[in-house]
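What follows is a group of structures, each given as structure tokens.
Below, subunit A partners subunit B and then partners subunit C, in two separate complexes.
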Partner chain A sequence: MATLSLDALSKTYPNGVTALHGVDLTIDDGELIVVVGPSGCGKSTLLRMLAGLESISSGELAIDGRRVNDLEPAERDIAMVFQNYALYPHMSVADNMGYALKNQGVPRAERRRKVEETARLIGLEDLLDRRPKQLSGGQRQRVAMGRAIVREPKVFLFDEPLSNLDAKLRVQMRIEIRRLQKRLGVTAVYVTHDQVEAMTLADRLVVMNGGHIEQVGTPMHLYDQPASRFVASFIGSPSMNFIEARHADGVLTLPCGTHLPLRDGASTESGDAVCLGVRPEHLVQVGQGDDTTLTTQVELVEPLGADTLAHVRLDGQAELLVARLNGAQQIAEGDRLYLRPDPERLHLFDPQEGHSLAAPETVS
Partner chain B sequence: MRYRRPGLDAISHILLILALLAFSLPVWLAIIAATHDQSSLYTGTAPLWFGDQGLDNFRAILSEPVARLGTDVARLLFNSTVMALGIACGKIFIAILAAYAIVFFRFPLRRLCFWLIFITLMLPVEVRIMPTYKIAADLNLLNSYAGLILPLIASATATFLFRQFYMTVPPELLEAARVDGAGPWRFLRDILLPLSKTNIAALFVIMFLYGWNQYLWPLLITTESDYMTIVVSLKRMLSSADNLVPWQAVMATALLAMLPPVAVIVLMQRYFVKGLVDAEK
Partner chain C sequence: MATFQRHRLTPWLLLSPQLAIVAIFFFWPAAQAVFQAFYVEDPFGLGRTFVAFENFTRLFGSAEYYRALGITITFSISVALGAMALALLLAVLADRVIKGANGYKTLLIWPYAVAPAVAGVLWVFMLDPELGLISAWLGAVGIDWNHQLNGGQAMALVIMASIWKQMSYNFVFFLAGLQAIPRSLLEAAAMDNAGPWRRFWTITFPLLSPTSFFLLVMNSVYAFFETFGTIDATTAGGPGGATRTLVYKVYEDGFIGYDLGSSAAQSVLLMLLVGLLTLLQFRYLESKVQY
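What follows is the complex of A and B.
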């Protein structure tokens, strides 16, 4: 259990490529932080710097107030779960789990007791004598978790631990990781590119892009008040729809002629071009078109059961929009669809910079 | 592709049996000759069945000094074993460390080091025999086990093999070990060596045979019979200017010289094949 503080953490590789530009973050005791972002955004580099597997070019990293920049991974009292589990193939499950304790000089009897205790906790007690080769993917994942838990580290680090599992197992393990982390109360940093995983696991989410932190906050905060177009498009599935619009005297005019009322406090001047963001679930189907609706034509229908995703083309526009409609709705390709964006849930972004133009008071 | 045809099976079996006979005939003749006395080997026809000496010839060469050698064959076997084991173990030991350094450590001129080692592949003992002999003589290594072993111990082949194997070890394994608190030595001992068991076994077989069959270098560096190897001595037993060659003793010695390599191969065959065919990971 520990707090982590990252102060202007940067990583520049010897070849001059900068993977991380001054990351600041404070992680509270017992918190599960999920770092999410597209590949190449620096999230894995960040995690590896926390672990001590990658050197820190500049900035300060402290665990529980102690500077750990120059400590070896083992001295930082962290445990890491790797994407491909990185189990030692020639060792039994018990030996895999106990290896760190062995290196710490823990006596054999105590080692065995701790390993068995952990194995019971994660349901591995019958597999302790097996080799990794004889285990299924889910079981290997569990062993990798057990190896991290048994040491009782200050911080857990997860590097996309579920990406090698099939979809069903992934959901199951996700819940299990969350439950274990809460139960053990260990601070954890979890890296993933899967935004569903990120939303469901995180106490707080860190969205990264191009070596910068775009936004930090609870999953719902990021969903409701994305600070930038990038965060808005990354959080939520399917992605937010973006439409170019023009602001004139408190009214947004869309290229298709639709007029939408602008909420108070948006930092935009009359005459500015803006980028309007609407989530698929905030497009409401209405029976009749008027000047506050979007008139669209259905191009593709994805029935998901409870919901149906309609990929629709706005009249006169090239890009497709996605709308999440009630699954009971009968729609077919080629249908006309009138969609009204929920005026309370509109997001405005700067068309060039991409930062949010939302009213300051709503960005709490 | 395997064909299931009885006729084909029969033909291939016949061919195999013929080849087996052809290959085992010299060995058979050697065994036979080793059981005869000298006079019956000089009658003009080679005997094809056991003679009346039984194991007496073996007993004689193992316990009494052999003519023209000045030592008994037991001593020669011991010398050869020491040399072959020394070369095999030394090569493996050095190759493991060299490959470990080259693959897992970042240091200046790392690639240069690798290529320098690699280039020595082009310099077998025969090519560098004069300077090597000079060095061995200057270091007082003539007529010593160290002299027999050390000049043959550096091995680019083994280093290269271990390098190739180490490069297939997933980097996460090293990282996991680092997180688990294993330093470089622990990683080598606890993770890398157990994983390269089959490679080590395969190399041991190859290098033991290489060491056992060395001829030129031992011939050059040993002048005292106490340090002579069996392969070199075998040739010396044949070079007789005036006397008849004691073929029964030569054959018995040859058979004894065959035994250790055969034993090594038989005992380690399982690992040997595994090590060459698949890298178990």
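What follows is the complex of A and C.
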């Protein structure tokens, strides 16, 4: 149980490459923070700095108000679950889980009790004598979790722990991690590049890009009010559609001639070029086209069962738009489709900088 | 399968150069040795007499032979363990170096490319009682070094020279073994409250055990057989037989004493001994190094 505070945390490697440009973040006690971003965004570096496996170039890291910048990993009382599990191959499951306790000088009997207790908690009691190579991927994952839990650390770190599992197991383990973390009430930082994992696990999400934090907030907050085009395209699946548009007297005009009413409070001047963002689920199919709808041609259909994704071409638009339609809908390639963007769910971004042009009070 | 059936001869043709080399340089001489071990032959090779096991029984009754066996055991254990321990130490250190790593590695591998006799001569020069640099230093600190008179010092010299020669080979394997250990395992151990020393003995060392086992077998064979050149160039088995190992005795009795029958019997015994040793190593150690 701990709070973490990151103050202008930076990482510059000896070769001059800066992986992290001053990250500020406060993590509350018992909170599960998911750090998400594309590869090379600095999320793993950040996690390794929290763990103490990478040195901190500048800024301050504090656990429970105590500066830990210069402490060794062992002294920080943090446990980490590695992407490849990093189980010790020459030790049994029980020895893997008890290794940290043994190093701390915990007596054998107590060690055994704690390991067995943890094994019961995560359903490993029958596997304690096995070696890691005798376990399946999911079981190894569980052992890696158990090894972290048995230590009762202040903070859990997860470095893409589910990326080596198959899809079904991943969903199952995701739920289990969430349940365990809530039950144990431990502060946790979880790094992933999978936005579905990020959305479903997080109390708060941290979206990173190019060594910066783009936005911090609850998953739904980030979904509803992305602070930038990057966050908007990263959160939500399929990705948000973007269309270049022009603002004129409170009305947005699209290249195809469609007119959309502008919501109050957008920080854009009449005559400005803007980038309009609409999520696939906020494009509503209508029977008849008018000047508030997009007239499109279906190029590709992806039936998902409950929903059907229609990849459609809008006149004058280089990239295809994606619309999420009811799965019962019968559509085929080449069909004409009239789509009305939900006027309440439109996002506006600066076409160059990419920041959100929504009214400041709605962004906070 | 049908295509393979028709080419029954081709695999043998492809194998034949290798098989010919093994047959001519290993099987034939080995068979000759076994054959000769049952004969007594005159020094000029003009006549031989079948003596059954007499060559062997004479050896088993000879104090000289047991002495050589004792020397070989001391020598081999010292060389194998010394060469492995030093190589492991150097490999661990080289594994940590970031700047100029390739330079260090090349330098450490170099001794392996030096011929055993050259390596031996090198050590003899450094430790020569009159001219040697190191023996002069030793003299300055009060150690009277003369491996030409002192059997213990002669033993130390051949052990050092042999270790120096074999260390590079071990170094290459240990370094490769170290580099094959995933970083994340050591990171996980660091987070699990294990300091560097503990990490080495509880994670790195056990994970190197397959490499160590392989090297133990190779180093034993090396110490038993391949140190002949080094010994011959440094002490020639002396002084007074203090460094006369089994393999050196085979050479001395056969090619200096011209007792070919006894020499052959000794080489047969040596072959059996090393075979047995390797078998024991596989039997009792190999099962422990798998994980």
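Basically, the second predicted complex is superposed on the first by the 363 of 364 C-alpha atoms of A that agree within 3 Å, B and C clash if a C-alpha of one lies under 4 Å from a C-alpha of the other, contacts with A are read in each partner's own complex, and residues count from 1 in each chain.
The working rule: contacts are C-beta pairs under 8 Å (C-beta built on N, C-alpha and C of every residue); 3 or more make two chains touch, one makes a residue touch a chain.
Only a predicted model underlies this, so the values are computations on that prediction, with no experimental measurement involved.
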Side-by-side fit of subunit B and subunit C on subunit A, or clash: clash
Partner chain in contact with A:80 - subunit B first, subunit C second, else both or neither: both
Contacts of A:72 with subunit B and subunit C, given as first, second, both or neither: both
Contacts of A:53 with subunit B and subunit C, given as first, second, both or neither: both
Subunit B versus subunit C as contact partner of A:103, first or second or both or neither: both
Subunit B versus subunit C as contact partner of A:89, first or second or both or neither: both
First, second, both or neither for A:13, with subunit B first and subunit C second: neither
Contact residues common to both interfaces of subunit A (with subunit B and with subunit C): 51-53, 72-74, 78-80, 82-84, 86, 88-90, 99-100, 103-104, 147
Touching residues on subunit A, where the partner in the complex is subunit C: 51-53, 72-74, 78-80, 82-84, 86, 88-90, 99-100, 103-104, 131, 133, 147, 151
Residue ranges of subunit B touching subunit A (in the complex, touch as defined): 170, 172-173, 175-182, 186, 190-191, 194-195, 280-281
Sites on subunit C touched by subunit A in the complex: 182, 184-185, 187-195, 198, 202-203, 206-207, 209, 291
Interface residues, subunit A side, partner subunit B - complex: 51-53, 72-74, 78-80, 82-84, 86-91, 99-100, 103-104, 147
